[in-house]
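Here the chain labels run A, B, C, D, E and F in written order, and each chain numbers its own residues starting at 1.
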Amino acid sequence: MPEMITRVRIEVLVDAPLAPRLVKLSREAGITGHTLIRTTSGEGRQGSWKEDLVSGATAKFIFLAVANQERADRFVDLIEPLLESHGLLVLRSPTDVIRPERF
Amino acid sequence: MPEMITRVRIEVLVDAPLAPRLVKLSREAGITGHTLIRTTSGEGRQGSWKEDLVSGATAKFIFLAVANQERADRFVDLIEPLLESHGLLVLRSPTDVIRPERF
Amino acid sequence: MPEMITRVRIEVLVDAPLAPRLVKLSREAGITGHTLIRTTSGEGRQGSWKEDLVSGATAKFIFLAVANQERADRFVDLIEPLLESHGLLVLRSPTDVIRPERF
Amino acid sequence: MSDIAATLLSAPILFFILGVLAAAARSDLAVPETVAKGLSLYLMAAIGLKGGVEVAKAGITPNLILALVAGLLLSALIPFFVAPVLRRFGRLDGVNAGAVAAHYGSVSVVTFVTASQVYGNTGFVVAGFMVAVLALMETPAIISGLLLARRYAAAQNGSGGSGIDRELLREVLFNGSVVLLLGSFAIGLLIGEPGFEPIAPLFRSGFTGVLCLFLLDMGLVAMRRLRDTRALTGRLVMLGIFFPLVNGVLGALTGTLIGLDPASAAGLAVLAASASYIAVPAAMRLALPQANAGLYLAMSLGVTFPFNIVIGIPLYRMIAETLGGW
Amino acid sequence: MSDIAATLLSAPILFFILGVLAAAARSDLAVPETVAKGLSLYLMAAIGLKGGVEVAKAGITPNLILALVAGLLLSALIPFFVAPVLRRFGRLDGVNAGAVAAHYGSVSVVTFVTASQVYGNTGFVVAGFMVAVLALMETPAIISGLLLARRYAAAQNGSGGSGIDRELLREVLFNGSVVLLLGSFAIGLLIGEPGFEPIAPLFRSGFTGVLCLFLLDMGLVAMRRLRDTRALTGRLVMLGIFFPLVNGVLGALTGTLIGLDPASAAGLAVLAASASYIAVPAAMRLALPQANAGLYLAMSLGVTFPFNIVIGIPLYRMIAETLGGW
Amino acid sequence: MSDIAATLLSAPILFFILGVLAAAARSDLAVPETVAKGLSLYLMAAIGLKGGVEVAKAGITPNLILALVAGLLLSALIPFFVAPVLRRFGRLDGVNAGAVAAHYGSVSVVTFVTASQVYGNTGFVVAGFMVAVLALMETPAIISGLLLARRYAAAQNGSGGSGIDRELLREVLFNGSVVLLLGSFAIGLLIGEPGFEPIAPLFRSGFTGVLCLFLLDMGLVAMRRLRDTRALTGRLVMLGIFFPLVNGVLGALTGTLIGLDPASAAGLAVLAASASYIAVPAAMRLALPQANAGLYLAMSLGVTFPFNIVIGIPLYRMIAETLGGW
């Protein structure tokens, strides 16, 4: 079986218009890739929302990136100032990957 | 770096028409937010399905909620009676979050 | 509370045309179910991509399967030869499930 | 028989058959779900509008009232005939028998739309008010199906469906397709022919073409559902053909007895014969989640829908014409 | 008043009302997001093309230039009147006042499209060049709103919006709806009536019908937004009706003063009165992420948009006709 | 040259250019993927139907048979000319050369559709049976490309593509676009002009307009792909223009030699010159997953498609007219 090494999985729920900003910050943190996943609806302290393509302002993506500890830390540092103003939800958990040198 | 504290990540695969019921139960369990993610297709013991908007009855969402231990336990208790009849798939795993007091 | 037992959660990012191949291999590994989730866009070493239904060749799914240790190992063995050629991203992490005998 | 040939050779039916064949050959041809949903909304708005505009012209007649009452009764009563057959001959348990029965009492909008179009193109014109009957027939069967499921369950252990809560009531009363059909019907009534003129290019001229694309998708969906299901037995397939035949005759008879013209009686036959795959499945997921969705969708979409589109539509016309000729 | 009745009884408005009622009854009726987006792209392309074709026929007149300048000024200046009212009467903080103000300076494409259609059907024809005015008015208000937000913030602690970076500039200048409107307008200009003929069946004949379906969705969306929001106070609802009234009068006056015909002056009134829900919300998420998106969308989509569609459109016509009759 | 100007000034081409410019300016204008897919299904159904209806009128002629054979040969043989050039001049490895070559042997439905429309609007009418040629040309090139890739790989180490398994065979034979094109063609043949009439408003009148919206999207997609790719070298860009030129001349020559009228010969030139971006990429992901998808899509969609739409279409007409005039 191929060796699997632990890396960090970071997921950030982010408004569609702000996703490019997150991508830019992940590049600055040295993270080499990411994937965006569309979400449909949700609810939080600020009320509920639904995917909305006509205005486009209230659609949300899950930004998913896998990185090593160091880059993950750097990324979390970079997005910390945006947490409140951008309404981000940040999840971080360990995951095993094959070919760990990629991340 | 901002402190990250462990919380529980709960994911439930649920039929689109039954998702509001899940949301209601999560509120009853004291969970303050959730996000729904659309899925495309799948296969299980009951055969395979595909997203189907025309009838709308066989689309499935992933219901994602982050909560503290206590609320997560309460939620799992609440949905337990529905597991079989509603064909739910329930995943529960630890995740680190920033601003843990939100969950 | 219903007992929750640890199982393996496998996620594979895969090109839409290659997803059926992955499904076949998961069946060969004895995995009894899976769910496909559509993604929107991403970026990696090979450049960036966007969901593209007209050609259909550059859409990507997340293939999600929950399985016990043994089947998960077998599945990872089976897909290992495809990793490079098919450009797969494989994540593996523990998750608690209810009714563990299903997986 | 030349009627059947004429039906089979109309563009919408041929696109349906193309879809069935493509899915049978495991082609990757697919209409995106959201596009199919958009097409179905268009079809419902168009059929509603056209019905309303026609009633605005013809006025509210006693026939309309009689047809509404007949439709309501058919929708509410058909499940009581269907469910016992599903239990005895089909060997289903009570909950599944109730769930499937609700589908057969209710109606398929697309089957009705296709029939109207195919009939209309040969001068056999279903009255506009039948759209209101269509909308009214969608939901009574849901109540009947739930009553049956609960009665069966009570006979066993006393825990049937979870009953009719607010969520379900809203689904039944304000189901999207019912609201859109009745709403467009009301709009058609209000604006009449002159107000309909500016939107006629989209809703009247474009109609048959859109129906072709939608039936292409329905062919794909119906065949795939038939192929992927694990729940369908030979007996249930037989019932999926038996029910529309019996209900179609029932509908044609009722329509003729209450004095509808042959085309409208055929329309009522189509409604009675068709099985829902929009309003009812969603309601059943809510009210009887333990029922097998693969089963009722395979029967209504995979068996009864294709049967009606290809054979039923010309057949019910023949029956209604024969009865009307007496 | 019979004008208002005529407006209310036109198919597009009735579909809007159907959407509002369905959402109010918590029906599950919904138009898929991607379909709605497709319809809105169609409407923008069609309105752009038609405007361009008309200008190709009429030529570039001094009126056109005057209307462009007037539109630009209205869009840029309205936020300076709106924002202080939002702060004082609406009790919003500076950032939210700036963000909301930007919406009211900018325009709603669908409100304009609906007005043109409803007016045009009764022979009250808005000039083709008003489409160019529409496109030009989308973005100046964004700059004004940001200036206001920054000025307010600076008055407090010196950290306002993050300024206008490259990302935002691109959003402002090359926003999808602006590009599509101006691009289609330019194409209409280039091809003129003869080149438009092959595409007229889709873009001219189909137009009102598509507008019906889109307004059905807008009714659903507007009502749901109103229902789900937590940010709306009674005072803000009042402002969501007060702003379009004042801005509508301002637009009608300006249009009359610069010599537009009454229909085009009414068009300018509609533009001034309407509030953006496409270009501006996206720009505000980028430039002022800390502003409450629920708030500005609830005001523009949930309050002002329905008010304009149902009451504003006939009202601005009456005002423009009265002013033009002097 | 006035031909080229006339082409460039037709609405579909202008919308394509608008899309290219918008993407170049990094505008956020975008057509939702599912809507674009819906439009492409519509275009394929419409072109298939119209071709079939015309063949129903004209009958099956020897020309038709000759054109089918010629198309088949062109599709199967072009890769054998293209692949070596890709290896030597383009410096691609064997697998990528085979994969790209398959695209150039196959065809682009939209390029053909656009050409037919632009030609037809000026009375230069491509024969209806060319739609069948279009459908037939989609897949032979796939087999050729795979043979080439395997031969190259065998020359190195003996492990080429994974061969043609059942999954791939199904993709090749029952590819969605092939099934839809041939199926609609067959339906058109069956129903003929009278049966086509009820669906003509959608499939004939609406056609050019829908093509505009689809080409707007294609402009956006082509330009973005060109911008985001990392795999394209200057040499490959040159080949992306060189191949359509050579293949276009080849197609025009072949068409003229087998006796097609100039417009149909130009149609064959367009087919030969165009490169697939629907059927072939999906098949290549399956059969040669190690080939670089970014590369073949950038060449076919990013370089050859725009070249053909803007320059190739009028050019191949000129060539065919010149050859036909001999």
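Criterion: a contact is a pair of C-beta atoms (placed from the backbone, for glycine too) under 8 Å apart; a residue touches a chain by one contact, two chains touch by 3 or more.
Keep in mind the model is a prediction, meaning the values are calculated, not measured.
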| item | value |
| --- | --- |
| Chain whose mean Cα position lies farthest from chain B | F |
| Farthest-lying chain, centroid of Cα atoms versus that of chain D | A |
| Centroid spacing, where centroids are CA-atom means, of chain B and chain E in whole angstrom | 39 |
| Distance from the mean Cα position of chain D to that of chain B, given in whole angstrom | 34 |
| Shared-contact residues (touching 2 or more other chains) in chain E | 32-35, 37-38, 171, 201, 205-206, 282 |
| Of all residues in chain C, the ones touching two or more other chains | 37-38, 53, 93 |
| Which chain pairs touch, all of them | A-B, A-C, A-E, B-C, B-D, C-F, D-E, D-F, E-F |
| Chain B-touching residues of chain A, taken from the complex the two chains share | 13, 37-45, 60, 62, 73, 76-77, 80, 83, 89-93 |
| Chain F residues touching chain C - in the complex, by the definition given at the top | 33-34, 36-37, 40, 167, 171, 217-218, 221, 224, 228-231, 277-278, 281-282, 284-286, 289-290, 292-294, 297, 301 |
| In the complex with chain D, residue positions of chain E that touch it | 9-11, 14-15, 18, 21-22, 25-35, 38, 117, 121, 201, 205-206, 208-210, 212-213, 216 |
| Chain A residues within the chain C interface of the complex | 1-2, 4, 9, 23, 32-38, 61, 66, 93-99, 102 |
| Chain A to chain E touching residues, read off their complex | 15, 17-18, 20-21, 46-59, 82, 84-87 |
